[in-house]
Amino acid sequence: MFTDKEARIVKKTLQNDFAALTMESPAIAPHCFPGQFLMVRVLPQQYPLLRRPLSIHDRIQSRLSLFFKITGEGTALLARKNEGDTVDILGPLGRGFTFDRNFKAKPVYVVGGGRGIAPLYFLAGELKKRRVHVRIFYGGKNSKELPLLAKMRSEGFNLDCSTEDGSYGIQGMVTDLLKKSFKSELPAFLYACGPEAMMKNVYILASEHGVSSEFSLESIMGCGIGACWGCVKRIRKDGIGTWVKICEDGPVFPGQDIIWEKND
Amino acid sequence: MFTDKEARIVKKTLQNDFAALTMESPAIAPHCFPGQFLMVRVLPQQYPLLRRPLSIHDRIQSRLSLFFKITGEGTALLARKNEGDTVDILGPLGRGFTFDRNFKAKPVYVVGGGRGIAPLYFLAGELKKRRVHVRIFYGGKNSKELPLLAKMRSEGFNLDCSTEDGSYGIQGMVTDLLKKSFKSELPAFLYACGPEAMMKNVYILASEHGVSSEFSLESIMGCGIGACWGCVKRIRKDGIGTWVKICEDGPVFPGQDIIWEKND
Amino acid sequence: MIDLSIDLGFLKLKNPVLAASGTFGYGLEFAPYIDLNKLGGFVVKGLYFNAREGNPPPRLVETPAGLINAIGLQGIGVKKFTNEILPRLLEFRTALIINVCGDDEEEYARVAEHLDGRKGISALELNISCPNLKQDGRCPAMDPDSTYRVVKRVKNATSTPLITKLSPNVTDITAIAISAHEAGSHALSLVNTFLALAISLEDRKPKLGNVFGGLSGPCIKPLALRMVYQTSSRLDIPLIGIGGISSGRDALEFMVCGAKAVQVGTANFINPDATVAIIAEIEEFCRQEGISRVEDIVGTLKETVKKSRL
Amino acid sequence: MIDLSIDLGFLKLKNPVLAASGTFGYGLEFAPYIDLNKLGGFVVKGLYFNAREGNPPPRLVETPAGLINAIGLQGIGVKKFTNEILPRLLEFRTALIINVCGDDEEEYARVAEHLDGRKGISALELNISCPNLKQDGRCPAMDPDSTYRVVKRVKNATSTPLITKLSPNVTDITAIAISAHEAGSHALSLVNTFLALAISLEDRKPKLGNVFGGLSGPCIKPLALRMVYQTSSRLDIPLIGIGGISSGRDALEFMVCGAKAVQVGTANFINPDATVAIIAEIEEFCRQEGISRVEDIVGTLKETVKKSRL
């Protein structure tokens, strides 16, 4: 964990409600793994007060990328930064995906919903480098909520998409894609990130088919470094459900350890 | 009084600790007089909370200029705005200088200290248009605190300068310049703006010589529109000293009405 | 059409948004910026019987997302108000509430008596909670008995409806609320400002002429909201929520927590049209959520504490 | 060389800056970011006798320049602390203060007894002021008698110096301070968080699992500073100032108002190196102002109220 108070933005792209920032950060970039995150200071002032947790979306040598949806004031202000501006970042934080596994030449599924694709892109890239056969399942409300689609396609990723309104891919949920796919093959492993309700359904499906999985969870964070106990969720530890810190013990957890929220 | 939530910045210049912003504001510009001010919102967020009072520094048709010293977080953030950005402004506010007077062909003195030159520049320009013989006395700590010097010189203003360290003009205070000048001529009127201690000394000098004067005062402002009673100073009204609102009854007052602060 | 009207029992408001005392002058100051008739109402600056000098400046300090003021209720006194200002306010069709001040119970009563029965006055708001009058910040609303005495005394002096304005600088605001209620207050407005201090480090001096002042603005909203909710959970009396309200959403949050109406204070300084903007935002929210009567949102907080599972 | 040391009487600090309880984990969490030996000291997260689950999430809400938390003192319990954590903390040469919690007087005493006489512990800080344990936010520090009882009981149970941490959610903090002092507390730390509420408008639900939470951060500084000044004006006991401190200037303002030392809380979340940065800023300020001993700045506020002239 390092702080880089002046990571310089070298590239910024905006696409609908999504922003991508690439920063030069030799202090932090070399240490990052997929699934880890940064705590990002929005402005140098005392408002907004807290840093924002954002996953590492990509890393190329000394450069890091973030990819985020504008959902509130903090992300809106971040998206207004320009090339040449600096960002104060802290990271890499948390435990990422465990991806140096022996997948026995079987395919590996990467399942993303909306902005949940952010860390999965980094993961998929690393898996590809290791010559793992990756299949990406990507769902969103509509085609605008699948912002990385074109990029991932052009990079040759194997992609299946769904949208709730049918504006791209099949009409339905990403679980519909998975259900269909599970009929013909079972992956060696499944990684997912997206809205909690989606992840829960993905987990149920995967576990019904005996597929091991990891999920990246979100939680409101005070510190990101395990000091405030603010980010807890119920996780099974030694068989017992306890409030576990997402920032330190996660954000990635094995599917079977997560105690999913009851639906309202 | 009007609000212009999106006055577009068409020109920005930075010079040491000073910034000049020129904005396009057809709603407000035509109504402005020298000595009036704007209440300027720093950012659209709730921090910094209050608007900043800044004098109208110049007006050319539908354009307005501000000229300010970076003295704290608000002015620093304002100075970071760029051409093309918008500023939320409210104005023109307050009572400015009374300059449509009969000066009987005598010279008029305009006395500025540091950033106090901001409103005086607008005033001097208007006086010049009226063919009044204007002499500007301009003092600062050092030559860096006389930021408008080159500009005013190039525009043909009659200027006498002082710096405390002697880095430009005579070494001393602006009152030293005045003392000397009063020996050879007495102006028809004197206008001043600058640090309170300076203005007090200028007033004492002017009144000793029977020269009528107006001063633009500063005060921390909550609203700028006479609603909060936060900006008061002691002013003589009907002979009695009372707490008078600087934003509404001022910021410009006749020298003899001001009850100057005691020196510490 | 969405019904924005609010019935306080003793007073019907065309909408729940009032301008808060001390932040809206005598109302007229805002006429150049907004149509005052659009407001639910406004509360004028606090009035004593006689004119009042107020505190020595500096009177304001900006803080992170807040403002400390120590105006000290400079004002023209109630007689000059009824002679010179009140007639000019009669043209507006909106609730006019007079913020009543006093150095002691007698003065509150004298101001109320002077105002009693005058045309155009919808209610009196008893300001027993101003923190920047005494040097130590004390005020009647910090004690249940003092509160009871002032309210009772004024109640006997006037037939105009009474709203008592409470102080947040207390251990248990519901205890004070109960006193005001029992003494006959028709409604409560909460809260006034929080007693605060700011100093100049270089000078080793307080920044305000009065030493202490009252904190207002967005920074106090979570505290004020808590107090409104505590009070509405315990008492059945119309509440007017105040504290850091600067958007329609802020206003609605206070209503969900039990306030029938709200007052907008410091936000008027940032945008003179804050009140009307807030009314428009409330209306828009109701439209989007399919709420036809804004009053239906009052007190709808579901306090379903998630119990830990497993 | 500027002398940054502070003598609390019962404890000498190498500088006035401590990390506040609950915002600094058990200290070790910050070792990757800062040299803990540079601190005046740190206060570990509140400990009960037994391990504790804490409140259901969400536990945090951001507010304008503030943070509401309702962690509910999740923690490992004092035994596990002394077995597993304390030995690892002994290597650090800085004051270690243990934040002691309890559901009742007995539990406070049991925790204190368990810690009594252990190597490496400089003082106990009695947390009688956490607002997010009971659903209504009540705590012993809201009442002078409860305060007296807890402090007295713990005092009898331990010979370790006691610091009592006070709540800001009271009418008169000096009354509570007097109780704690009379019961034998060696010092007071003020303040803990302000009882607050945030709701989700769309859901009509509180945002925190515990409904209420405690507000901290820059927004509370003017209120905390006022309470420190009120208390230091009235009592002669070492005070530790807490509330929104995020710069050396903030820290020094508390000291000018009478605090001998300060604690840095929420600022640790924004910058893990906040404490050491603050120490450096204090030193720099002293250098610029020609202050050779930082302790000389304590209580130097000149309360020269400008009297209106004429």
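Labels A, B, C and D are assigned to the chains in the order they are written; within every chain, residues are numbered from 1.
One rule holds in what follows: a residue touches a chain if its C-beta (ideal position, glycine included) is under 8 Å from a C-beta of that chain, and two chains touch if they have at least 3 such contacts.
From a predicted model like this one, the values you see are computed outputs, not experimental measurements.
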{"item": "For chain A and chain C, chains touching each", "value": "B, D"}
{"item": "Per Cα centroids, the chain farthest from chain B", "value": "A"}
{"item": "Whole-Å gap between the CA centroids of chain A and chain D", "value": "36"}
{"item": "Gap in Å, rounded to a whole number, between the CA centres of chain B and chain A", "value": "54"}
{"item": "Inter-centroid spacing, chain D versus chain C (mean Cα positions, whole Å)", "value": "33"}
{"item": "Junction residues of chain C, two or more chains touched", "value": "53, 57, 61, 63-66, 218, 308"}
{"item": "Numbers and ranges of chain B residues touching at least 2 other chains", "value": "46-47, 243"}
{"item": "Topology of the chain contact graph, where touching chains are joined (line, ring, star, complete, other)", "value": "complete"}
{"item": "Parts of chain B lying in touch with chain A, wherever the complex brings them together", "value": "45-47, 73, 77"}
{"item": "Partner chain A, residues of chain C touching it in the complex", "value": "64-65, 308-310"}
{"item": "Complex interface listing, chain A residues touching chain D", "value": "1, 3, 41, 46-51, 90, 219-233, 242-243"}
{"item": "In the complex, chain D residues that touch chain C", "value": "53, 56-57, 61, 63-66, 68, 135-137, 142-143, 169-172, 194-199, 201-206, 209-212, 215, 218-223, 225-226, 229-230, 244, 249, 252-253, 256-257, 285, 289, 300-308"}
{"item": "Chain C to chain B touching residues, read off their complex", "value": "22-25, 29-30, 32-33, 45, 53-54, 57-67, 69, 71, 74, 217-218, 246, 266, 268-273"}
